[in-house]
Amino acid sequence: MALRRRWSYVALFSTLAMLGAACSGGSSKEASKKADNTQAASPAPNASSSTPSADPSAATPTTAAAAPGSPAATPSSPSTPAAGSSTPANKSAASNTPAGKQAASNTPAPGAKPGTAAAPTPHAPGPAGAVPSATPGKANYASDVGVSADTIRIGTINMTSATRSLGPALAGVQEQNLDAAVKYINRSGGVSGRKLQLVTCDDGGDIARGRACYEKLKDNVFALVPSLTWLTDVIHDRLPKDKVPWLSWGWFKSEYEDPWMFPCHANGMREASQVADWTAKVLKPATVGIMYLNVSEDIAAKDVATKQLKAAGIKVVETVAQEWDSPDESQHVLAMRTANPDFILSFSWPAPVAKFMHDASTQHWQPKLGFAANHLTGDPGYGPIFGEYIKDKTYTITSWGVPTDPSDTDNAEGGNTAEQQLLRDELIRTNGREYQGFKWRYAGYHHITQSGWVCTRILAKAAEQMGADLTRDGQKKVLESKAWDSGIGSTLYWNAADHNANQNYSYNREFIYKWISAKDGGWDLKRILPDPVFDCKSGNIPAAAKTICNS
Amino acid sequence: MVIGVTAAVFESAVIIGIFTGTIYAMMALGIVASFRINRVVNLGIPGLAVFGATVYFEMSNVWGAPVLVALLGGVAVGALFGAILGLCNLKMTAWPRGFVMIFTLTASLFLFGWSDKILPPIQVSPASPFGDSGGFKVALTYVSNHQIGTFITCILVTLLMGFVVSKTRIGIYVRAIYDDGDSAATLGIPLGYFVVGVWAVAGALAALAGILVSPRVTLDPYLILFVTIWALAGSILGGLESFGIAFVGSILVGLSQGILGGGIIHLGPGLENLGAIAVVAIAVFYAGVKRRDLAHIQT
Amino acid sequence: MIGTKRNGGAAVADDSAGAAADGTPARPKKVALPPTRLILPVIVLCLGLSGEFILPTHLTYAASTALCYGLVGLGLYLPLAALRELPLNGAALAGLSAYLFAYNASGGSAGKTVIGVIIGVGVCTLVSVAGGLASLVVTGLYFTVASLVVQIGIEKVVFSVGKLTGGAAGRGVAQPDFTGYFNTNRVVFLIAGVVCLTITTAVWRVKKTKTLANWVMTGHQPEGADAVGIRRWVQKVVIFGLSGLLIGVAGVLFAFVNGTPPPPPQFGVIWSVIFLAIPIASGMRTSSAVWFVAAGFSALPIILESHHINPNLLSGSILLVALMVSQSQDAIMARIRNLRRQPETIEELAAAEGIQALAAIHEQPIKATAPVQVKEVDLRTKVSRALVGTDIGVTFGGVKAVDGVNVRVGPGQRVAIVGANGAGKTTLFNALTGFVPPTKGTVHLGDVDITGVPAYARIRQGLGRTFQLPRLADILTVRQNVLAGQAQGEDLIPRAEWLMERFGIMALADIPIQVVPFGTRRKVEMVRSLARRPEVLLIDEPVSGLEDEEVSELLEVMLELQAAEGWGLLAIEHDLRFVTGIAEQMMVMVDGKVLTEGSINDVLADERVRQVYLGEVVSV
């Protein structure tokens, strides 16, 4: 018994030691560490961690972005949508210099002008009730949950501590993107005299933890911003009751059906529809193979694409269901090879698709016209994971523009814009030079983290419109009242009657890029025109954009 | 529904299945080795595999060590942690085996956690010890040097382990301890050394499996865990007792996946796995009826 | 001698103090549960209640989740503890129930909700029952893998059905809509708590009944279960059915607590391992501990959220600590007990133990165990039938273990079978009692042909048997082992207690079998067989391992009982003293055949029998 007891103590202390060692070791690679440290400096009430209401650099703004008189410092007026996007094909907009970037920022986006496609079209129902507007001269006060005279707390729930390919790599970076956006906004004057404060909660990828995070945040923050969490599929019973606006990451189709959720990028089904349409009209294959992940969202995406392709007279000759835990994809390569489609569409997860690509590569086989993968497999950081094979044969569809080489003139609108440059600069400012490698590209131009930046900015603009009388109800109405130009391509619009409505659809236009070889031998993307469109009749597309509707 | 299946397609599917099964078989070796000494289902194997592969990745890809050195390093670390687990087992003789099994699961969780901390925050695949290029075309598929190397390694290790257990004095001792540890101890067999030693070997085998499996599966704890689940299903056919049957069982699982996923039969979402599941279920029921004496886990 | 009261054992003094002054026997003293066994459920309850009133709302939600985890754990605890089976499909079953419930209940009407609960829990229960039936064929490791196959099958095939699991839209589950202090979360927790408390109480009540003994006997000693007439398949179906029911309710709670079912990853294979680990890490002794571990798994990650601890490290730590605690719980409880000062004075003792106990202490010497008053019982002199085996043959592979043996044991007859090891005696027993199917021949009990009747049914028809190595469940007490499988009511329990008294094991009635000596186990098994009042009793080496004095006592009791009740006796024994003492007729077996048979004296006079006993080669 004594031996057992002694052993128990030894094991217990070993556990604690291992735990301590593991928690302290190796975190230099964890992208969120820096943000966490920063957040720890000024904890929010009842919050696990938070960003300071104003970052230290705010006191000494050195870039043009923070200079008085710049659009960032004086947010766009409530009546005019954000003017963050650049003019099309403006090479200077893609410049790395703040000046160049700023010049682009000063140019209002065509789509953002009232009366252009960026505004709600006449047949779209307007928001229910009057849209709140600021009362000039009224002093700020604690107008709603999470709002005080000088602070607006916004929350985010991310799977920061989940396994590394989702946790530090993506969720941690998402927090850093949000952090960068908050600091930029605060440095630029805040929101009608209030500073934003980001309150974070880590759900580790566990739905129960996520729900607990929500319960913790709902009475503490004013609104939630894009978060990497599975919770966004199952929280819909609570949001209308608690009246918490959530600008969400848009992963699940159910997010579009929640009146209090404002999805910030297109989900799989919508992208499947667009890429299938684009494939039929632009590449015109005779036969297509589809691979998809065996989860309900991607099965639905496959079904949508299949229907659309069949309507266009294209035969789907093979469909393979991948599993995220698939150890090998050779058998699926064989299946595709046997069916030999002209083109393969993928609605899947990076790991099995990467295995498929590697196996197809080793088998020296490729479909005649190549592949189109949904944005999961199209993010810039994924190039090395997929290998050389994907170059010049793989297209990707994504919700936002992605910066490419300045010589890619097709990408001036949407991709190489001032807002993209601003995002990059702010990430480096907030997180340091480590972003100059893998991380900054990954963080800056991942479709989900881009959503974080964009929607935090939109949230601030909407709050600005209400001024002192900032309320959750008002925020919802303002968000639904008009189109919001992201500055990085897509225009967002949430129809007041139905966020899922196809008319005036937020992501009516998406972007197609193709993997190519970079000048240094690495991986790069090239914009492929025309852009895919969900519904040519519904508008919401900048007039200058070259899409399948007008090309 | 069978679509125009040519001999080449079928042949390719079988080859793919065999190599997928090899992945499971590699993982099964460590499971069988540790069960073969004290009847504990070692759920620490996936953790040891991931950590061994992590050490290999760090040594070869980050530190720039020669592949062989990195391989030995990974295997040595696997053996070390395996030995520690064996030592824990010795201290847990009063614990029911089901409890010890769950203890080994905690070891996996810790090793997964450590690996997560050490590895870069993206999916990585270590370089193959057999080289990342080279191979040959067979029917409609392509077999890489890595797959061939893994297959041969797996067969050699299976034969070696089978030989050691059945033909050597060490094997006799191992079998004696497996049959009745207390009686073996009364015969002067050093129980502790053997348990720790065999678990160290199991750890080394697990690490080797991780090093050989991760270049293809990618070095991700959960993917390796799922490989282990299929490996467990394969090795259970022999009651976790036989390296040879574990190898064959794992190949069977891989074959079912290769054939059912290779476009020979068109199935709906998830049904491709259902085929493999059905194969395993039939095999488990058959083996379960035939080998009831080996069945029981003491909880 | 029959009908007299005997002491339970040498260490136990007579309990005359318990008798009332008028000479009527006092009611047996009700044995109270030791306080330490009540501590855990009381603490669990208090913690649960405190959760309702003092926890912040997000931790109240965590507590509700813990209830879901705990209920799945409790569902898995049943087959784990009773049958020693490790089902690795708890997560899939819970998910199945959650999705089916939500799919049908969506819309919120009471009718839909009830239908949803019935379908969700019903399907979950049916799948679990199917698992129970499968466990009749495959057990242990194979069962674990079979259940894993079910888990993966449900996960890959059912959970990918978009209509069922594809997001929350259309799958909302009505929750009470409250604000203020008693907000939705608190009310949900209260409802979930009441459900779990009710279920736990029901499980606890079941554990207090004889059903527990039947369950444990089924899982721990299948042959022992057959020997007392337990229908094992029924028990397995019941256990797995209850397990499925509990997991099904947990699934419904998952959906209710969250307002919609969690997405499929919550019910993936990794969670099935964690759910199984919850009861294991709780130590498997008390169901209350399951709730503690579940609370750890649910609450700690939420409480420690801001530290961004890797989930694998955190889960591993919780699991390891729980395992350590569960395996050291005796030592921990002893430490806790030692913290409380022991009563020293008479007054303190009185306060602690009660006046009655004090009086007993004053008047009586300290006893090993509390003696129990046993009712006198009427011996059953009902008519017995003869057991007749005709041309019995059993072949294993190519080996004829029993070859054309005829045996007859009539009412009141006492027959012994002797023979060297491997002669086929026990195999003949097994063939007669249905534990192995005979390859030829017939078995009749009276006029009834019982050749194809399963073992448990033969026991129910009137056979009784013991085994060479007693088939008793270690974790049950002597009394539970004796009463397992016996029909409730009538006078079986008094008879069993009377027999325990007669065989001198009454004092050990509430002691777990695992701590009693081998000889006592033999007696326990004998009592268990006799309690049912067999028509023919088959005993396999009944005195091996007993002291001479015990053999004499056993002989005496058996003869008296047999004479009084008139059942037939068939005994296998090497001890010639016992054989000659108990048997009238004798049968000698060699190589699966009968060498000779007849009266004791005639058989013993046979030279070939002497040779058999001397180990010489004798051919039949």
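Chains: A, B and C, in written order; residue numbering restarts at 1 for each.
In the analysis below, a residue touches a chain if its C-beta (ideal position, glycine included) is under 8 Å from a C-beta of that chain, and two chains touch if they have at least 3 such contacts.
In this text, all values refer to a predicted model and were calculated from it rather than measured experimentally.
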Per Cα centroids, the chain farthest from chain A: C
Core chain by centroid distance, with centroids computed from Cα atoms only: B
Centre-of-Cα separation between chain C and chain B, whole angstrom: 36
Whole-Å separation of chain centres (CA-atom averages), chain A against chain C: 56
Rounded Å distance, chain A centre to chain B centre (Cα mean): 39
Junction residues of chain C, two or more chains touched: 156, 160, 310-313, 316-317, 320, 327
Chain A residues counted as touching two or more neighbouring chains: 4, 11, 15, 18, 22, 163, 294, 299, 321, 323
Contacts with 2+ other chains: residues of chain B: 94, 110, 112-114, 116-117, 221-222, 226, 269-270, 273
Chain B contact footprint on chain A (complex, rising order): 3-4, 7, 11, 15, 18, 22, 25-27, 29-31, 163-165, 167-169, 172, 292, 294, 299, 318, 320-321, 323, 325, 327-328, 330-339, 350-351, 354-355, 362-364, 381, 385, 438
Partner chain A, residues of chain C touching it in the complex: 56-62, 65, 156, 160-162, 165-169, 172-173, 175, 177, 184-185, 258-266, 298, 301-302, 305-314, 316-317, 320-321, 324, 327-328, 331
Residue ranges of chain A touching chain C (in the complex, touch as defined): 1, 4-5, 8, 11-12, 15-16, 18-19, 22-23, 32, 36, 48-49, 160-163, 201-209, 211-216, 219, 230, 233-238, 241, 252-254, 257, 294-297, 299-300, 321, 323
Chain A-touching residues of chain B, taken from the complex the two chains share: 9, 12-13, 16-17, 19-20, 23-24, 88, 91, 94, 110, 112-114, 116-123, 135, 137, 140-142, 144, 213, 216-218, 220-223, 226-227, 230, 257-258, 261-263, 268-270, 272-273
In the complex, chain C residues that touch chain B: 80-81, 84, 86, 134, 137-146, 148-149, 152-153, 156-157, 160, 269-270, 273, 276-277, 280-281, 284, 310-313, 315-317, 319-320, 323, 326-327
